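We just call them A, B, C and D in the order they show up, numbering each chain from 1.
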Amino acid sequence: MAAMSLALSPTARRVLASRPVLLGLAIVALMVLAAILAPYLTSFDPTIMKPRFRLKAPDATYWFGTDALGRDLFSRVLHGGQVSLFLGLVVCVVAVGIGTVLGLLAGATRLLDAVLMRIMDGIMAIPSILLAVAMVSLFGASFVSVVIAIAFPDIPRVVRLVRSVVLSVREEPYVEAALGLGVPRWLVLLRHVLPNCVAPLTVQATYIFASAILVEAVLGFLGVGYPPDVPTWGNILAEGRNYFQQAPWTIFFAGGFLAVTVLSVNILGDGLRDQLDPKLAGRRS
Amino acid sequence: MTTAQAAGTASPVLSIRNLAVALPKGGDRAHAVRGLNLDIGPQEIVCIVGESGSGKSVTASAVMGLLPPGTLRVESGAIELEGEDLIAATPARMRELRGDRMAMIFQEPMTALNPLMTVGAQIGEAIRVHRPGLAASAVRERVLELVRDVRLPDPERMIGAYPHQMSGGQRQRVMIAMALALEPALIIADEPTTALDITTQAQILRLLRELQDRHHSAVLFITHDFGVVHDIADRVLVMRQGEVVEQGAAAEVLAAPQHPYTRMLLDAVPQGEVKAEPLAAAAPLIEIEALELVYGGRSLFGGGRAVRAVDGVSLTLGEGETLGVVGESGSGKSTVGRCLTGFNTPTGGRILYRGRDIAGFRGRELQAYRRGVQMIFQDPYRSLNPRRRIRDTLIEGPLQHGTPRAEALSRAAGLVEMVGLKPDALDRYPHEFSGGQRQRICIARALAMEPEVIVADEAVSALDVSVQAQVLELIDDLQKRLGFAMVFITHDLRIAAAISDRIAVMQRGRLVEYGAVDEVFLRPRGDYTRDLLAAIPGGGFARAEAAAG
Amino acid sequence: MLRLIALRLAMSVPVVLVVVTLVFLLVRLTGDPATVLAGDLASPEVVAAITAQLGLDKPLLHQYGIWILDLLRGDFGVSIASHQSVIGEIAGRLEPTLVLAAASIIVTVALAVPMGVIAARRHNSWADRLLMLFSVLGFSIPGFVLAYIFILCFSLWLDLLPVQGYVSPFDDPWGSLRHLVLPTLTLSVFFMSLIARVARASILEILSEDFVRTARAKGVPERVILWKHALRNAAIPIVTVIGIGIGMLISGVVVTESVFNLPGVGRLTIDAILARDYPVVQGVIIFFSLAYVSVNLLIDIAYILIDPRIRY
Amino acid sequence: QETTTLKVVGHAALKMLDPITTTAYITRNHGYFIYDTLFAVDANFEPQPQMVKDWSVSDDGMTYTFTLRDGLAFHDGAPVTAEDAVASVRRWAARDLTGIRMMKAAKEFVTVDDKTFRLVLSEPFGAVIDALAKPSSLVPFIMPKRIAETSPTEQIREYIGSGPFRFVADEFQPGVKAVYVRNEAYVPRDEAPSGLAGGKVAKVDRVEYLSFPDQQTAANALTKGEVDILENIYADTVGQLTGVDGVEVQKLKSSNVPTMRLNWLQPPFDNVKVRQAVLHAISQTDFMDAQIGDPELYTICGAMFGCGTPLATEEGAVQTAVTPDFEGAKALLKDAGYKGEKVVVLHPTDLASLSAVAPMTVQALRQIGMNVEMQSMDWATFLQRRNKKDPVDQGGWSVAYGNWNMLDLTSPLSNLNLDTRGSNGYVGWSEDKTLATLKDEFAAASDPAEKKRLAAAIQKRAYELVFYIPLGTYANVSAHRAGVDPLIDSPVQVYWGIAKH
């Protein structure tokens, strides 16, 4: 018990004891596992096209059927998980990382604040899909460009969040106390202010993660997504949409995996919010 | 045990028998309240006193039927309002009774009112809810009457105002008007004046007493201030750890407390004695000359909303001396302190440190100055980073100033001991301490810097009396041993008197009186100082004056 | 209020400038529309000629300068592809987008806010979980998949509603309504989850405020507390998220317009980006950023109406 | 009497209305609504007079004289004159490869009188009538002179022709909808319609030419009867619409050929052996299976000038074998000394009709041990990238694609893939003196047998050097409501002769 309390703060313990959080984590973990183990779970290469076996309904060989190019959908959906989940993660890290740095800077320095926030407003003023389409057009469809395209419009939201936390925390007596001790501003920012952003950022991150997977699908729909030979859930859906009445399995499984993942990540996020927000957590019955 | 019926023959308005409220598992103790018995007759004021967490508010909530659902519940006992069993009452019945037959005034006037509704609407709401048949004009009439009753200025305008447009005292009056709306048999007031400055507090108490006389309500008054008890209570109930340790007529309990706990509480009340040692002529360390600070007004678009928080204040702080700064809320006390510590840059005047203007300090010099002038903040909880262990908090400053880690650590250990905490405190987080302990940690943090000056901003206001006394004693003791000078900001004149060599009285940003402590308090020259002194609950300096005279 | 509006407009100038520059760079760097214009089978000479004719061989800064000057004169230019004025083209596509967006906002708010309120009231009950599950579900399915499912069910199987197309409410209100149902539903489902969840969270938070306790102490019924005290106080975050939602709605509009074949601005923009028709892209994005600024202005005004404490 | 409106979903979004400044097929189709042509190819790809009543050629084949039909008038009421014809052909000839060739051979192109004009050649050019009957991008449409005098690089602003339909400018919404109404004044030829030739009788009052951003939605709309015709449906959708009540699927005369181009300027494809290796690694069957799927809809055919066209031959084709000759390809690679140079395959992602070719290529090239990288991009980027001559590490490319209406391949002169001008020519920058000479000879020839022989020689040479690789031929398919006449048997989708019952 003592060791446990050393390792985990009370908040962490409470958070982990919450059912939605556990449920969300469990499903996400399952998805991640399926994706990581994809090469071992599947017997077909997800990119090998066998046009003569196109649009086969699910059977004992092709568990999820095949797509219009005769690729094994089971393998594609599982491998697609690798890319989609990784993409969500990377987008999350990039957006949260850059957003946090900028948000801290904006919250800490008045001059930078004015400039930075105008730029952020500018980015927010452009519908994110349009921005993403333009970016993928600019850089070509590759992992990097898709990540940038999806992460970029998310950055202002993170910046705003972090900045608002910084603004509210920087007047906190303990921050002033640290400054009063002669601790330099940047160190105070990292040591005393940043940790306050962790809880709201965690929630925001789950949201970004989920929406990144969705946006990737939409980009696929618009024809400017991830390179189509690479299986992603978005690509599978986008490619399958023309067959979905004759061959529903082309989108059913990918859609199902995507929905369940996004769902569980959202449940996780909601759970975290309920737990990390002390006011809501106090109301648990 | 039955309670003596102070009001004689009339049947009690409220009668509580053997009340026990269970706490959830993992709480401070098994019961928030246990074995509580209480009767309040018509027109009677009963005070509940006791340290923080002793179960005062829980008792009140239990009566109102407003215990947080799922967390706290009445385990056993009976509560009767005018003979009606409240514990067995349905939620609907409780709703009918609330506001109509019993009403509650809450501690925090700032947050207890809906910020988006006019106060008139909020006062009227209780009437509309319980008297649905009443015409709108009649409701308005009644609201106006109530507003007049609680002496709010310009009632017609007032009922259209929003809470944020009123002062704390005015808001508390609105709360009272709300409680009185339907002339309930019982009014429960849960620390209704703690958040107010003393002049306002005195007015509110007077008003409450007056109204209670007129409306014949029974009042259950919760406080931890014995001055307040002295001023208004008929009877008093002393609680500790969820249990009643003593009750009786107020005068008797105050004059001859039976229980040692009561005695301890009473002893801890600052009596308003002025500091014993005479003021030695010390060399001036810090001189404040015509300090002026205007908030706002500088922003690009925010013209015209400037607040002149400090306006031409000149003070001197000698080495090793304690300067008490008093004055009502918003008078600019904190702002002076913040200018001193360099958190705010004055917009006028200057601050001299050993004869040199601090505005000119840069780099090393500034570092040295900052290190030498430390602040203890008003709110001990919020001035400690909840995510860092006490050790890290204590060594952060010294490390920053180049003290080797080992030395900083040993110094921290010494300080923790010096402020009366156990060494294991270093490994704990702020939330694992009581308020008083946290305040000690803040003091230790300031001391770790070996400062020449400590600015203590309301350093003990958040603590209850017994703890307050301990901390004050500690500060006094440390100052004697370490010899730092101190600016002690407070709105409690009794505390200021006990600790200061000199007193500065502020009002609306200006310095209205400034001098040696005995001069200011015993022979006040200004009207404002006299008002302040008169407003101290419990008779103020009666005893002190007697002692001095 | 006028001061606020003036202030906001002044503050929006840099925003629009940022947008304009960003878009210019983005669009111009993606290169030249001449190849698209000339078509797949064009010979290289033709492409070069068109490039020169569009002035795309000039230095970037030069082009930027020209364009900004034109903008200042209110000249948004002419579509490279269709040769219609950009303003005209946007105007021609505005109605479907606005109608769809308005319908979606109304439907969403009308459904999501009560959902959030009920979930908050029955916190941690089955009703709460079910409502939240539903709202998260709406968030979990890509819009176009949802749209196809709706079409399949309501148009093809049940034969209740048209598959696609836009009918102006000014020409034929009933027909317009029938055409709007599915796109609106598609957009709302996504948007709804966002608002319902924020509504729930902020009402929950408000319900733990002191003034709610005060209201209870007055004997105010829970229903009144919920709808009068709590909802109004929760309105600020709700309105804020509606604002954010409107921003995201535009993104949703792009997909919805494609699937339901609505001739709106969103589709116009995608087409223009894909065709590198940069005058249209630039024009349309300036339009979007102005819309964003005005929505934010409306939201600020809403704040003032909701909360007497907010003053500018 | 009620107006009959035909709602047609075009195969792309119509935005550009000038059929001379763009090669986009959708703009060409728009052109066929409103403009008429001097000559037109019939269902057998043979040119027939259309606006021309009589024409004659001098015995030396150097002087052509044309006379216009009577009763031809533009939509603004003005009669069509020889001047209009000459101006229109001149503008077209400034942009079209065949046109350029023709004008280079021309000495004089003038009007004789109101109805008569004359072309005098300075060197032999056997394809004058073929050029004037050129059915696909770019088509020599006839416009009023004042419009035809617009610079050939600038778009025209007024859309007036003498064709069977009038364009309703007010109702045009770029990328959404174009509206055409019947030209009451049009005098059709007496012959029955055949291909693009014959009598163009508009049988409906009004055509709404729509664009749907999403094929799935278009198919659903047809199923529900919200539109009448889908001009072109993807192979994917054929399955969905086949057998649906009230919908008829129609395999069209018009067909398409996806092609592969290799970059001759950069390694490894500057080496002819490596190019040949690629040719051997390709199997049209695989590509067609992947891209089209339904064998009913595609033909395996190596003819560079289009299967079933007068010049069709299988000379030199390798990729028509059912299974690719990987061994042969590997041997060629080895022979060529291929050292693993990077091959960049450009993959256009937003064009459904080309979505499978790049992945298929990558799979085949990897099979023979090439170092392949696929780069995906939207169509616009693809078009720009395709113009880059730089090495692959600097934004260049190795393999790119085109998707051609077969009409644009039928002549060695108009077939851009046989461009021999090297780095000044069409993307891929193929260069060969021998082939250039052969093409010149072809241009000069007028005897059909001679032409056929030359075409075969050209194709043989082109395959040897791997100018381009036709990846198969697939039929375009349209679908229409049961109550609507099928599209007429033409290589380009046109809407005269269709009635709605």
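Keep this in mind: a contact is a pair of C-beta atoms (placed from the backbone, for glycine too) under 8 Å apart; a residue touches a chain by one contact, two chains touch by 3 or more.
Chains and their UniProt names: A, C = Inner membrane component of binding-protein-dependent transport system; B = ABC transporter ATP-binding protein.
This structure is a prediction, so every number in the text was calculated from the model and none was measured.
Across the two candidate interfaces, B-C and A-B, the one carrying more C-beta contacts is B-C.
Distance between Cα centroids is largest for the pairing of chain B with D. Note on chain placement: the centre of chain A and the centre of chain B lie 47 Å apart, centres being C-alpha means. A separation of 40 Å divides the Cα centre of chain C from that of chain D. A separation of 45 Å divides the Cα centre of chain A from that of chain D. Annotation for chain A: residues touching 2 or more other chains are 137, 222-224, 241, 244-245, 285. Among all residues of chain D, those that touch two or more other chains are 216, 350, 378, 380-381. In chain C, the residues touching two or more other chains are 30, 148, 258, 270, 274, 276. Screening every pair of chains for touch gives A-B, A-C, A-D, B-C, C-D.
Across the complex, chain B is touched by residues 172-174, 176-184, 191-192, 195, 285 of chain A.
Partner chain D is touched in their complex by these residues of chain A: 47-49, 51-52, 54-55, 68-70, 136-137, 140-142, 222-229, 239, 241-246. Chain C contributes residues 14-19, 22-23, 26-27, 29-30, 123-124, 132, 136-137, 139-145, 148, 152, 197, 201, 204-205, 207-208, 244, 247-248, 250-251, 254-255, 258, 266, 269-270, 273-274, 276, 281, 285, 288-289, 292-293 to its touches with chain A in the complex. Here chain C touches chain B in the complex through residues 7, 209-211, 213-221, 224, 229, 232-233, 306-309, going by the rule given at the top. The part of chain B that touches chain C in the complex is made up of residues 64, 66, 95-100, 103-104, 106, 108, 111-117, 125-126, 129-130, 162, 164-165, 175, 178, 301.
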